[in-house]
Structure formats: C-alpha cells, structure tokens
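Note that chain A is present in both complexes that follow, paired respectively with chain B and with chain C.
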Partner chain A sequence: MRARLTTLSMVGPALVLFVVMLVVPVGLSIYLSLTDWDGYSANPAFIGLKNYVNLTHSAEAIRAGWVTLLIAAVGTVLLSVLGLGFALLVNGASRLNAFFRIVLFYPHVLSALVVGFLWSAVLGTSGVVNGWLTSKGSAVLPFLSDPKWALASLIAVLVWAGFGVNVVLYLAGLQTVPKDLLEAARIDGATKRQTFFNVTLPALAPVVTVNLVLSLVTLLKTYDLVVSLTGGGPAGSTQTAAYLILWDSFHNNALGFGSAQSVVLMVITAGLALTVARLRARADQGASA
Partner chain B sequence: MATLQLKPWKTKRWGRIAFLVLTSVLMLVPMYLLVVSAFKSQQDILAHPFSLSPDQLTTQYLKKAATNPDFNIVKGYAVTVLFVVSVNVLSVALAGPVSYVIARRSERRYRMLLLLFVAGTFIPSQVLVIPVVYTLKFLGLMGTIPGFVLFETTLTLPFSIFLYAGYILTIPASLDEAAAVDGAGKHRVFWSIVFPLMKPAVVTMVILNTFSVWNDFVNPQIILGPGSGLYTVTTGVYAAVSQYSTDYTVVFPTLLLAVAPLLVVFVLLQRHVISGLTAGATKG
Partner chain C sequence: MARSIRRTPGIALLTSVAFLVGAAGCGGGFSDTKGAAGDSTGEVRMLVNITPNLTKSYWEGLVKPFEDANPGVDVKIEAPTGSGVKDTLPQLLAAGNAPDVVETLMADRVLAPQMLDLTDQAWTKDTPLVDQAKLDGKVYTVGVGQQAQSLVFYNKDAFAKAGISAPPKDLDELTADMGKLKAAGYLPLQTAGDYVTGLQLMQLSDPSIATKYPDWFQQVNSKQLKLGDTLLPLLDRYESWIRNGYVDKNALGLKDVGAQTNFLSGKAGMYIMGSWFVRSADDAKPTFDLGVFAAPTEKGQPSPGPQGVTMAAPYMVLKSTKQRDLAVKLVQFLATDKAAVQSQLSQDGNFRKGYTEKLSPLGKQVQDILDQAPKGVAQGEGYGASTLPSGFNGEWNKAVQSLYTGKSAKDVAARMDSWLGSKS
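And now, the complex of A and B:
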C-alpha cells in the first residue's frame, strides 16, 4: 500500500498536468469541432460533422492545406539532403569544422519570429536587397510580393534557419558508422561513392528516420515565420494551416470551424509521422542487423 | 605517382573549404546586416546596406529602441528569464520521477504511460493553444503567469520523459537497490542516487527548453495576451516591430536587442548546445 502511494506520488503530478493541459484540451478540441461555437455564446449548438463538410468546400482551408503540405514535403527533402551533405563536409575534428558547424547551426537559436522580421527587412519590396538593386539602377525583385516568389522565399528561409539542426543530428549519426566496415570497404577497393551507399548510408538509417519525422512534424506546424515574414500574403498565398486555424479562431470568431481544422491537422501530422516511421522501419532494421 | 595522387586530393580539399566559406557567408550575411543596420539611418540602410563607415554609425537608434515606450526590453528580458527558469525547474521536478518509474518498472501499464506521453509530441502546440485557453479560463488561470508556466511545462513533458526514461535505462539498477537496502525511500533514491547521474540528459533538456521557451511566440501572445501587460522578448518584438515594419531604424535595433543575449549565451555554450543536441539524437 505504501509502495503504491510512493509510485503514485512520483507519477501523479506529471500525469495530472499532462491530462489537464493536453489530453483534456485535445478532447475539448474534438468536441468544439462538432459545434458552431463563436467563442462567446453560452450554449453552442451541436452541429455534428457540418464543420468538416464545410472544410471540404472551403477554398481557403484547402489552399492552406496544400501550402502546408508543399512546405512540409519540399522542406523535409531539402533539410534532409542539405543536412546530410553538410554533415559529411564538416565531419571531423578540426577547428575550422567546429567553426563551420556553429555558423550552420546558429539561426536555429534565433526565434522564428525574429528570423522572419529580419528576412522581411532583407527581402521586402523596400528592403535591403531591393534598396541595393535600386541604387544600382536594376529593377526590384518580388521576393515577398509575388505569390509564387513569396512561397519560395518562405521555404528558403525555413531551410536557412533549420538545416543546421539536421547537420548536427547527422553528425551524431556519423559517429555510429562502424570504423572497421569503412576500413574493410577501403581495403576491398570500394570507391567513395560505393562506400557511402553501401556502408555509411545504411548505418545512418535510424538518424535519417529521426530527421525525416522531426522535420515533417516541425514544418507542418509552420506559423511564427509566416506571421513575421509574409503575414500570410500576398493574397493568402503563404497562409499555412496553423496560420489559418488561429486566424479563423481569433479574428473570425469561428472557433468550431477552427477546431475542426485543428483536429484534421493533428490527424494528418500524426498519420504522416507514423507512416514515415513505419516505411523507414525496414531500413532501420537493416542498420541494426 | 605520389604527386599525381596528391594533386586531386589537394584541389578537393580546397574546393571543400571554399564551398564552406561561401556557405558561411550566406549564413552570416543576414546577421551582419542586422548588426550594422542597427547603427545606421534609414537612408543609409537603403542606399548602402552593406557599407560600414565608422563616421556614419550612430547609437541613437539603439538607445531609442532600448527605451521604446511600446516595449520595455529590460522588463521583457526579466519576464522571459523568469519563465525560462520556472519552466525548467518545474519540468525537471515533474518529468524526473515519472521517467524513473517508467524506466524501472516493466509492467505493461508503464509502457502505455510512456506511449501516452510520447504521443504528445505529435500535437502541434498552435493547435492546442485554442482549447487550452478555455481550460485555463475554467481553472481561473487564463492570462496569469502560473497558467502560462504550467502549459509551457506541459509542452516540455513528452520529449523530456522520453529522453530521461531512455537515459535512466543506462544507469545500473543495482545502484538504487543498494541504496534501498540502506533504507532510503524511492524519492530519496531517485533524487540522491539516480538524478545526479542523469546530468547529461538534464543539461540537454534544459538547453532545449530554454531555447523553446525564450523563442515561443504563439503561447505567450495568446495566453498572456496583449491586455496583461506581460511581454516576453518575442511578443514584445512583435508589438514593437509589426506596426513599424518599414521603419528600419526601429526594426533592426529592436531585433538586435532581442537576439543579442541568446546569441551571446549560444556562443559561450555552443559546445554544450551542439553536443547536447547530439546526445539527444543518438539516445532518441
């Protein structure tokens, strides 16, 4: 009995907080998504799946969904490829490599909000780059004012700010590549390319999975950078799902509809992350074998 | 033969360094612009963004940003540091014991408990913040410091518990058994035997939590709200910058004041930051 109380006192506080601040709100979100709540009325009407049906007709929500998926897909590929590429380039214990690692990683320390404001001052219509182009007599470039350019700029800034993390994670993975296998491949006369694809990459499999899932989950949440870099514009072209959810919930007072979008985003995030993890399971097993 | 082998190797080496130097320049240019522009006039920023002529530089805009009536930056630092410290202390105090139980017990329900906590990582916090507002209102904690700290602490639990539980598995259970034989209770065993050995994992989490609490924007913006008068560094920057986004003599000095402390901390601790993240990754 006493042992039970002790265990309870160790598990209880964290579990209670987690349930109150996370499990209950998720449940509340699901419930609210079935109502027409505006955030004020005392008795929101239960409207069943109507918000979800409306969601499939909402051009704005569908566009935000595609924009988010595009950012997540393109961003995840770029982060992983650049992360691994640069990890291979700065692997090895020299002072120069240590310096490069810091330089590649430092934007991650800055808040996404600040990064967005900084880049909007650099890329904006009257920003630093365009000011400089004008002084040289060239035409300005629509980095943030043309829908296609703005989305590309957003992804580029996300990659600029984020790939240092992937570099660090891949560097950790490279420490686990068995030295004797590399040596054996070298003695057998394998080319650098063959060694990479047959020894290094399989050994990195678990880190590749961690990187893919982490990048995907992070990018699907993209919000702060949208607020400070593009404000969702021009003409809504860079509105992400997280941006639209908060906009609908707090500016349009459509909390029921916002909650329905939240539930869909949660399901998609968990679904994609688990799918990637499952697809990678075989590669991971290859690494441990 | 020897020279033939040396030559391609050498060009490749210099090619690698040249490429990395070029990339570093690309990475650092925005930071360079941020620093030099904080000391320039609007006209100078736009006409000669990259120039650095000492006679043109002035600290007048930086002083103005530091005393901005919209955003008291010193108070912003103080409030943010208070949050960072509270969240870290609370996170370790809550996540430590539960991770210990999860790591040391093999029953199915403790594995399910770990899964429940870890599932929390998939929930985007921006999505969560809306229903959390109503939960906090119900508890009477909306717009308060305890309400914000409790929610922010909750967000740290999934990854902390995952990391700590994994780390505790590498600490031999015979150590706790010896202490238990000597008559120490479970809490005592955890805090005086196991916890000191968890230092690397705890340092990693403290660093990660510090960055995420310091840089968080949505949660303080919505939970503390503009009405509460409580600004963190990021929500303060938002209030100060978003309405003057084309007045670069406001934007750059404010951003510089916002990032300077964190960048200084990062440069001083960079070895621990990067190795801490690395430890987290390989354990994960």
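And now, the complex of A and C:
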C-alpha cells in the first residue's frame, strides 16, 4: 500500500499534466470540431459531422493538405539525406569540424519567422539574387512569384533551417557505430562505400527512424515560415494545412471548422509517424530473424 | 502563447481552445449584461494594436492626460498575446478575462453581441463614419478618423515625361495612360503579393461598384446580384493589364514594403494604396514630384466617385465590462479630445475633417479628395450594414493573384461566386 502511494505520488503530477495538457485539449477540440463556433458566441451550436463533410468539399483545404504532404515528403527525404551527408563530412574530432558543426546548426537556432524574412529579402523579386541578376542584364527569377517556384523555395528554406538538428542526431548516431565492425570491414578490404552501406547505415537505423519521424511531424505542422516567406501565396499555392487552420479559425471566425481541420491533421500526423516507426520495427525484426 | 500556436498549430490550438473553453465555464466570459457601471476610480483595461509606430509607450502617453484628469483611474494598455487583436480577443473573452475597451476591430454580426450599445451616447454623433458603421441601427463602434482607400499615388514627373497632362478620370483613360507610361520606360502600376494585389483592385473598384450598385453589399448578400458578374468587368480589365505588361508579372514575389520602395524610388508611375501610405511617402522624401488622385470611375460615371473609406482607430466597449462608465468616458476622450485625436491622426497617417493643420502637402491632397468625394463607401469586406461574409478579403486576394498564374477573369468571377455560395 505504502509502495503504491509512493508510486502514485511520483506519477501523479505527470499524470495530471498529461491529462490537462493533452487529453482534455484533444477531447475538447474533437468536441469543437462537431460544432459551428465563431469563437465569440456563448454556446457553440452542435452540428455533428458537418465540418468534416464540408472539409471533403473544400477545394482549398484539400489543396492545402496536398501541399502539406508534398512538403513533408520531399522535405523529410532532403533533411535525412543532407543531414546524414553533412554529418559524415564533419564527423571526427578536429577544430575545423567543430566549427563546421556550429555553422551547420546555426540556422536552426533562428526563429522561423526571422528565417522567412531573411530569405524573402534574398529571394524576393527585388531581393539580393534578383537584384544581382538584374544588374547583369538577366531576367528576374520567380522564386516567390510563381506557384511552383514558391513551393520549391519554401521547401528549400525549410530544409536549410531544419537540417542542423538532423546533423546533430546523425553525429550522435555515428558515435554508436561499433568501431570493431568498422575495423573488421577495413581489414577485410571493404571499400568506403561498402563499409557505409553494410556497417554504418544499418547501425544508424534507429537514428534514421527518429530523424524521419521528427522531420515528418515538424514539416506537417509548417506554419511560421509560410507566414514570413510567402504569406501562403502566390494565389494560395503555398498554403499549408496549419496555415489554413489558423486562417480559418481566426480570420474567418470559423473555429469549429478550424478544429475539424486540426483533428484531421493530428490523425494524419500520428498515422504517418506510427507507420514509419512500425515499418522500422518490422525491418529490424526481419534483420534479426 | 502565440509562439506555441505558430509552432505546433495542431496541438497548441487545441490546447489554447481547451483552456479557453474550460476557463469560460468557470469565468463567465460570455456575459450578457450591459456592463456594471463601476466606481469612479479604478482600472480600465484596453486591448490595442501594437505596431512600430503605435508602440505601447505611445498608447500610455496618449491616455496619460485622461488619467491625469481622472485621479485614481489607471488605464492599463494591453498588447495582443496572439498574432493580433482579432485572435487575442476571443481568447480573452472565452477565458473570462476580457478587456474593458478594444481598439482596431469593428462590430460585425459576430462581435456585436459582445459589445456595449453606445447609441445613447450623444458625443458619438460627431465621430467619423459612425452612421455607416451602425449595425441594425445601433452604434457599437466609434472611431478617431478615416482612412481613405480609393487613392492612386502617382509620379508626376513620369506622367509629364509620358505626355500625360492630367490624372485620368475614368478607367479607359487610366488604361491609356498606362500604355503611355510603359512607352516612356516606366512600370505603369506598382503592385505586390502579400495582401496588396487584391486590396489594390478592390480600392480601385469601389467607386465604380458603389456608383453602379448603390446597395452592392446588401444586394450581393441577398443574391439579387451575382458577385462574379459585378466584379467581372474589373477583372477583365486587370487581366488585360497583366497581359500588356502594365503590372509586373513577378510582383507577387514582393511584399508591401518592397513595392513601396520600388514606387518611391521612381521606377513606377502609379501605386494604389490607402491614405496610410502618405506617412511612408513623406518620410521617404522621394526625388520626384509625388501626387495623388481619386480612383477613376468606369467610363461615363462622374469623377470623383464615392471614396472607399474605413474607420481609423475604431474603439468598442465590451459588454462584460465592470467599469462601464469609465470605459465609455475613456473612449469618448480618445475619439473627441482634440489633442488625443490629433495625436492619433498624425501617428498613424489618418484623416478627419477639421484637422488639417499638421498635414503635409501630400496629406492635404488626400484630405481634399476626402472632402470632394460625394460620399464614403465601405471597402472590401466592409463594416456595419455593408458587410460581406468574413473571409472575403483573403479569398479575393488569392483569386486576383490567380490571374497572374494563368486563371482567366471568368475563372476568378466564378470562384468568387462559388465562395459566396459556400457561405450561405
């Protein structure tokens, strides 16, 4: 009994926080998603699944969903590949590598809003790059003014701002690669490429999974960079799901509809993250069998 | 809080909403009273817009004379905790922590039930646009000044070089002048992405729409008029401007500040913007002669037409206030005290009849336009009885921008009809 009370006293605060900060908000947002609420009126009107039905008819929400998935898919791959590539480059103890690690991590320290404003000054129609091109007599490049270019620019800046974390995680993972295996591969005459694919990469598998899930979840919630870099434009082409949720909730006074979008985004995010983790676990089981 | 909402919208939005709803249950945020009269002393909380020029210390200085004249009264200036007043107010309301006075927003069908009816306050009658902002005949919002919206700022030197002797009176003349400006080596009309693209076309269109359809907002809302049909002629014209290179096809990659800089550096002939641009233009001291004219009307209609105007520095008193008398007195001070009004007008580039002393030459031209306009009409999403469903401005902006990305004027008109249909 005493042991139980001790356990409860230790777990209790965390449990209360978990319920208050996660379970209750999620429950309430699911409830709000079933209402027509403008954010002001006293009693949100219960409308059942109408918000979800409207969501399936909303061309804007569907487009924002696809944009978000595209950003998440392309961004996750780029973050992982670049993160691992740079981690391999700066792996090892030297002063120069320590300097490069700081440089690589630096963009992640900046606020996403600052990053957006910074890059809009570089890529905008009157930005640094186009100013230089114009001075050389070349045509302006539509980094932020053409829908496809703007989406590509957004993904590129997201990757620039985010891959520092991946580098750090991969660097930590690289320290866990068994040195005796690397040594054995070297003695056996394996090339660097063979050593990487047959020794290093399998040993990094858990880190790869963590990086994939983290990148995926982060990119599915892309919001602040959209605000400061493209404003969702041109013509709504870079509107992400998170951007649209905030826009509908507060600019359009449709908190019920915004909550429905939040719930769907949450389910998709959780679903994708779990799928990646499951696939990794299955691959591990297959490898050990 | 705003930071967490931005970073983790899915969860954080839910968290905040949950807190708010939970708090509302015990806080009684949605009061249905008419506000308690309160004591003659105490604290009045005012939620205001904070910008680079409307800083917190500016607001504190603005209300200081009121505090000095009312010993024991403390006006507490509150900055938005969200990204702006619009998303902060519902959070505060739901948390049962609503301010007494709110600045920036205007009453609409959603907000009005939370606001105090000021109709019986005689002093409101002399405040700008008070009648136009009425909702069901009731005064909820009072303002300090006006923002003229349908203005075209222009480079007089460029016009002279292009052989244009007088500003255009109708849209055919405007289009012809654009051709002349282009031939003279200027970008005829400076625009930008962000919110600017749609706003400019709406600002330009308002006088024509208001002349052609005096009750445009009401008729569109009641489906007597098809929204797309009323906008199509203007969209057709704008499409032709894009086709002819009268606007920069890459302008959507610019923000408002970049567009202003381009125009003020003398590269463009015209820039459509609200009267707040006067302050930026005066500060920039352009090397060319800068002028402004009222937005031309469609061919055959009198010019100048009605001027698109919005209320500058609008104030409302929350119905839930426990300091009703002090809150109303504070708003009266802010909207009627000569020094307070003058300060707010000059600080944010706003206008009000009778306050011309401190205007720059460009500002005087804007005041002349306002004085000569046959009437002021609601702009864009509108206000008072002239209001379109929430979200019109954003949808319109995206729709106009899609003209740059390959959609036709007819596509855009159909998109606006479809959007309005989804709101009913």
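Going forward, the second predicted complex is superposed on the first by the 261 of 289 C-alpha atoms of A that agree within 3 Å, B and C clash if a C-alpha of one lies under 4 Å from a C-alpha of the other, contacts with A are read in each partner's own complex, and residues count from 1 in each chain.
As a convention for this text, a contact is a pair of C-beta atoms (placed from the backbone, for glycine too) under 8 Å apart; a residue touches a chain by one contact, two chains touch by 3 or more.
Since this is a predicted model, take the numbers as computed values, not measurements.
For the composite obtained by overlaying on chain A, chain B and chain C cannot both be accommodated without a clash.
Once chain A of one complex is fitted onto chain A of the other, the partner contacts of A:G173 are limited to chain B, with no touch recorded for chain C. In the overlay built on the shared chain, the residue A:D146 is in contact with chain C alone; chain B does not reach it. Touch criterion not met for A:L204: it reaches neither chain B nor chain C.
Of the two partner chains placed by the overlay, chain B and chain C both lie in contact with A:S120. Shared-chain residue A:V11: touches chain B; no touch with chain C. In the superposed model, A:G233 makes contact with chain C only, not with chain B.
By the touch criterion stated above, A:I102 is placed in contact with chain B alone, chain C being left untouched.
Legend: residue contacts after superposition of the two complexes on their common chain; A:L55 is shown touching neither chain B nor chain C. Once chain A of one complex is fitted onto chain A of the other, the partner contacts of A:A87 are absent, as it touches neither chain B nor chain C.
Here chain B and chain C are compared by how many residues of chain A each touches, and B touches more.
Stretch 81-89 of chain C is the one among 81-89, 207-215 or 279-287 that clashes with chain B after the shared chain A is superposed.
Common to the chain B and chain C contact sets on chain A are residues 21-22, 24-26, 28-29, 32, 112-113, 120, 124, 126, 221, 223-224, 227, 242, 245-246, 249-250, 255, 258-259, 262, 265-266, 269.
Put simply, chain A touches chain C in their complex at residues 21-22, 24-29, 32, 38-42, 58, 112-113, 120, 123-127, 130, 140, 142-147, 150, 221, 223-224, 227, 230-237, 242, 245-255, 258-259, 262, 265-266, 269.
Across the complex, chain A is touched by residues 5-11, 13-15, 17-19, 21-22, 30, 32, 82-83, 86-87, 90, 93-94, 110-111, 113-114, 193-195, 248-255, 258, 261-262, 390-391, 394, 398-399, 401-402, 404-405, 407, 422 of chain C. Contacts from chain B toward chain A in the complex involve residues 16-17, 19-20, 23-24, 26-28, 30-31, 33-34, 37, 45-50, 93-95, 97-98, 100-101, 105, 113, 116-117, 119-132, 134-135, 139, 150-151, 153-154, 157, 161, 185-187, 190, 211, 214-218, 222, 233-234, 237-238, 241-242, 245-246, 248, 251-252, 255, 258-259, 262-263, 266-267, 270, 273-274, 277-279, 281-282, 284. Remark: chain A residues 3, 6-7, 9-11, 13-15, 17-18, 20-26, 28-29, 32, 86, 89-90, 96, 99-114, 117-122, 124, 126, 128-129, 131-132, 134-135, 160, 165, 168-169, 171-173, 175-176, 207, 210, 217, 220-221, 223-224, 227-228, 242, 245-246, 249-250, 255, 258-259, 262, 265-266, 269-270, 273 touch chain B in the complex.
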